[in-house]
Amino acid sequence: MADKVRTAAQVVGSIPDGSHIALGGFAIARNVNTVVHELIRQRKKDLTLSQCVMGMDTDLLVGAGLVSRLIVGGGSLDRFGLVNCVNRARESGGVIAIDATSLSISFAYLAGALGISFIPIKSMIGSEILARLEAGEAAERFQRMDCPFTGEPYLLLRAIQPDVALVHVQRADREGNCQIDGPRWENEEQAKAAHRVVVIAEELVATDVIRQRPERTIIPGHRVEAVIHQPFGAHPTAVYGCYDYDAAHLTEYVRHTKRSGGIEEYLERYILNSSDYDDYLHKSGGLKHLDTLKARPGLGY
Amino acid sequence: MATEHGSSSRAAQSVGGIRATEIMAAAGARELHDGEVVVVGLGLPWVACALARRTHAPSLTSIMEIGVINGNPVDTPVGLADSRIFHQSTCWSSFLDTLGMNLHRGLVDVGFLGALEVDRYGNINTTLLKGEEGQVTYVNGSAGGNDVASLARRVMIIMRHQKRKLPRVLAHLTSPGFVDGRDRAETGLRGDGPHRIITDMAILGFDPDTHLAKLLSAHPGVSVESIIENTGFPLLLPDQVATTPLPDEEQLRILRREIDPGGAYLNERFA
Amino acid sequence: MADKVRTAAQVVGSIPDGSHIALGGFAIARNVNTVVHELIRQRKKDLTLSQCVMGMDTDLLVGAGLVSRLIVGGGSLDRFGLVNCVNRARESGGVIAIDATSLSISFAYLAGALGISFIPIKSMIGSEILARLEAGEAAERFQRMDCPFTGEPYLLLRAIQPDVALVHVQRADREGNCQIDGPRWENEEQAKAAHRVVVIAEELVATDVIRQRPERTIIPGHRVEAVIHQPFGAHPTAVYGCYDYDAAHLTEYVRHTKRSGGIEEYLERYILNSSDYDDYLHKSGGLKHLDTLKARPGLGY
Amino acid sequence: MATEHGSSSRAAQSVGGIRATEIMAAAGARELHDGEVVVVGLGLPWVACALARRTHAPSLTSIMEIGVINGNPVDTPVGLADSRIFHQSTCWSSFLDTLGMNLHRGLVDVGFLGALEVDRYGNINTTLLKGEEGQVTYVNGSAGGNDVASLARRVMIIMRHQKRKLPRVLAHLTSPGFVDGRDRAETGLRGDGPHRIITDMAILGFDPDTHLAKLLSAHPGVSVESIIENTGFPLLLPDQVATTPLPDEEQLRILRREIDPGGAYLNERFA
């Protein structure tokens, strides 16, 4: 059995500048912050990111200036605020945003996962979203077509196959078999579409634990290149069954990102001066504080 | 809410202590039929679904796009990715299931949407705002909003009634209603498009021929004049404007005691 | 909450002649025999059946003369033998067989489930399977196309949306929320493609049991029209975690179907003269015999 | 197997008590590299995978199309739908996952297939047989066979070596090899097509230019003449015909003691 456990630093060292990275977070849940921090520390450049609903993970990477292109459905930090770094970069032209919808991104990942290079969809037709896409930098990814069987008009999407997908999961074994508790948003299709899959696991379990509930294995080990074991690795976003979002930290984050220059302070304080994620967790309140976020049994948060 | 904050006389007055949010929730619930499938976010749409389920529509199915079916939260969630909404669901799945195998499959009867702006054809903007000098401020984008607007059988919009939020021309058309007034099928879209706009002042519908927004009922204590004044686009008026029914005692009890005792949604300022 | 529990007789009474029925069985596992028997008793006519891998369920329906058309990937009773009734009907022209592959049937169901009227695939190209399909009765369901993005040649499949899907599951609640243990072959896409879904459940559980493991709900209740509660309802085929296949009965079945006239004897003995499935189970050895097939804990068979 | 039943002198002789099935299983295992992904059925292919995993390829991933990854059966299954093969898997999924998100995605290195008939371009028939007067007898059809043949990087066929099973012209082309000798890409197929035909007499490969079947090695004790005699199509011959290596002591121990102590597959008559 291959032991795929790696550190975030090892994994990020193998990701070239200019890569297309798919992020597994959704708003304030299961953000892939463990790898995001390391990408920022290693000052990667010219990244393309894709995701259905952006959260803190994408906002951090854009705020740190690592990103050239976004392929996304939407984004928000739920009631804590907007993805201010992303929005500011859009407004200033600092990033090219290919704005689509949650379903169209999911369909494009599905096509990528199935190995079909295109897939039809009915969304976006008749909207300014599509008008902009068809006039924009990624126009060659969209094509209109009538169904040859029914005559119904469709939009064809080009499949998305990211270079790397990052997914934060509740548990994995050392071979990479992953289980996700709670809803899975686009994680399965996104990971299976990618050429390389890296998972960050709250818990590292024996393969025998996986074999007890094979129906829960969302990403099988042979699809996974590396497993990073990082408890509280999605902090301050939530991981169902493990811990709740950290409301105070998210509030502090949005307070920083709202004003120009604030993100740099946040990056300095929490990421650039941290040696690794454990060091960041220590600066964010440490074990005592994290303990207050731990999920209560029967509730999952 | 206006009535809570006393900052405006334009919205529905508190009638016998009934808040505009409660009128809106009851109005939303009334539009839902038993056995229907609803795609819903948080806030008042979620309250409306919960109210319908506990009254006339016990077999309503509520789907959240993240992959949650018929959740039963016991604590107030802060958003769509909050673990609180996953609690006690009957199914956890994925976008591909909720938006693909339900919405795109044509099985969603009602989609609830919020909006930054809505025009008179029920087109929705959730992407960006433009300042007076044309400067652009981005907000959330579509997420599943365009998908819901494109594909649900009936779309229900719940929003604050303000002139700038109901403009003649949208800053951005994120999610199509009747686009420029054409039939939906002509545009290539599925579903029958926008059905109701439920605001804190009134309920709007759409003329079946022209697809233009039309006043259906004014909330108790709200004048037609103030509705017109607070609507940025020209609004069709019926010969006789009905009054939006108030929630009854039982509905109020369920709303206040069971669904939202903390007032998280019913006391809320909503966009 | 809607109570959707019905008898097989009620369900079958609502299925018109000429319907397209998708069957959830695979070879000798989870065959939808409970409904199959009742379809035979009610002497339905002119059915179209679809399925990735035919088993005893399809073989019985074809053997009983109910079927006009098959849309299938393949079929077998594993080491017990072939689907002799199906093969004989093919050879005599008694049934029109639209022979495809497991993946192409899965893709066509997936398209049906997603509400897209076509989907591209790379299978079948260059084979006599496709040559026959393109020359056959269902030629209008297939179309060649080059990907507008990559130029790669594809075959387009028309989506399949059966009138009714029948799926045998381990457990369901009265609202129709279904959980399947073990592999799921094409069951999820097949059921979600169909206009009407009928499930046959070994065990009827409270909705609270479903809510304890929502990640296992493969078909949610709102997609289900009726739930038939029938323990041992897939006999003599196997239901993982519940009972093993009945080797003696399957052997007896194949002994009958191998020779002309044999299937009529089998139908007479086990189905036409049984008032319902419990009566059939009684004739097949009754509780004492069934008890010997019960799954051993930790093995599932 | 021939050597078991003593009914034929044409197949591999029992050499030092080693059965042809054991030679075939070891030959199949030798073709599998560590870390590869294999789509496999039951029978000798399954034995070959198990042998590879327990020797030089511990990280091999074996996928069964029904939706089973890396199962660890403790009892002998009777077929692909037998619960015995579900035991102790690392993942249970679906056709859409196994054949779609792995095979069609281009991630399957090796697909093992059986066959009623195979022609000299590695095209496979699993659908029907034709009698001398053209009468048709149906068998199983494709199931996932055509998909595997169309999409796996390398296809390995394990079958009995008989003249009628290796004919000039197939009764039906179910699963494409090199079709009429064209490059795979020209036909529009993915993957590199048929790689080996492993029989109870020999191992065949394919000429890289003409894509015609070619004898690679004869099993110990089997003459080239008998192989030609038992092959219905013209077979390319190398200058020097190698001898298929016998399994070593350790491989035999694993085959006989660990993988198939009951001889379910190794004693089997296979088609």
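Note that the chains are named A, B, C and D in the order they appear, and that numbering of residues resets to 1 at the start of each chain.
One rule holds for everything that comes next: a residue touches a chain if its C-beta (ideal position, glycine included) is under 8 Å from a C-beta of that chain, and two chains touch if they have at least 3 such contacts.
Keep in mind that this is a model prediction, so the values were computed, not measured.
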item	value
Label of the chain whose CA centroid is most distant from the centroid of subunit B	D
Centroid distance [mean C-alpha coordinates] between subunit D and subunit B, Å	59
Length of the line joining the C-alpha centres of subunit A and subunit C, rounded to whole Å	38
Numbers and ranges of subunit B residues touching at least 2 other chains	86, 92-93, 96, 100, 104, 190
Overlap residues in subunit C, where contacts from two or more other chains coincide	107, 114-116, 121-122, 152, 182, 215
In contact (per the touch rule at the top): chain pairs	A-B, A-C, A-D, B-C, C-D
Contacting residues of subunit C [partner subunit B, same complex]	1-2, 113-116, 175, 177, 192, 207, 210-211, 214-215, 217, 220-223
Parts of subunit D lying in touch with subunit C, wherever the complex brings them together	64-68, 74-75, 78-84, 86-87, 92-96, 99-100, 103-104, 126-127, 135-147, 150-151, 172-176, 179, 187-190
Subunit A - residues contacting subunit B, complex	26-29, 52-53, 55, 72-80, 82, 86-87, 90-91, 99-104, 106-107, 110, 121-129, 152-153, 182-189, 237-238, 240-241, 244-245, 247, 295, 299-301
Residue ranges of subunit C in contact with subunit A within the complex	107, 114-122, 140-141, 143, 145, 147-150, 152, 154, 156, 158, 180-182, 215-216
Interface residues, subunit D side, partner subunit A - complex	35, 37, 58-59, 61, 69, 72, 86, 88-93, 96, 100-101, 104-107, 190
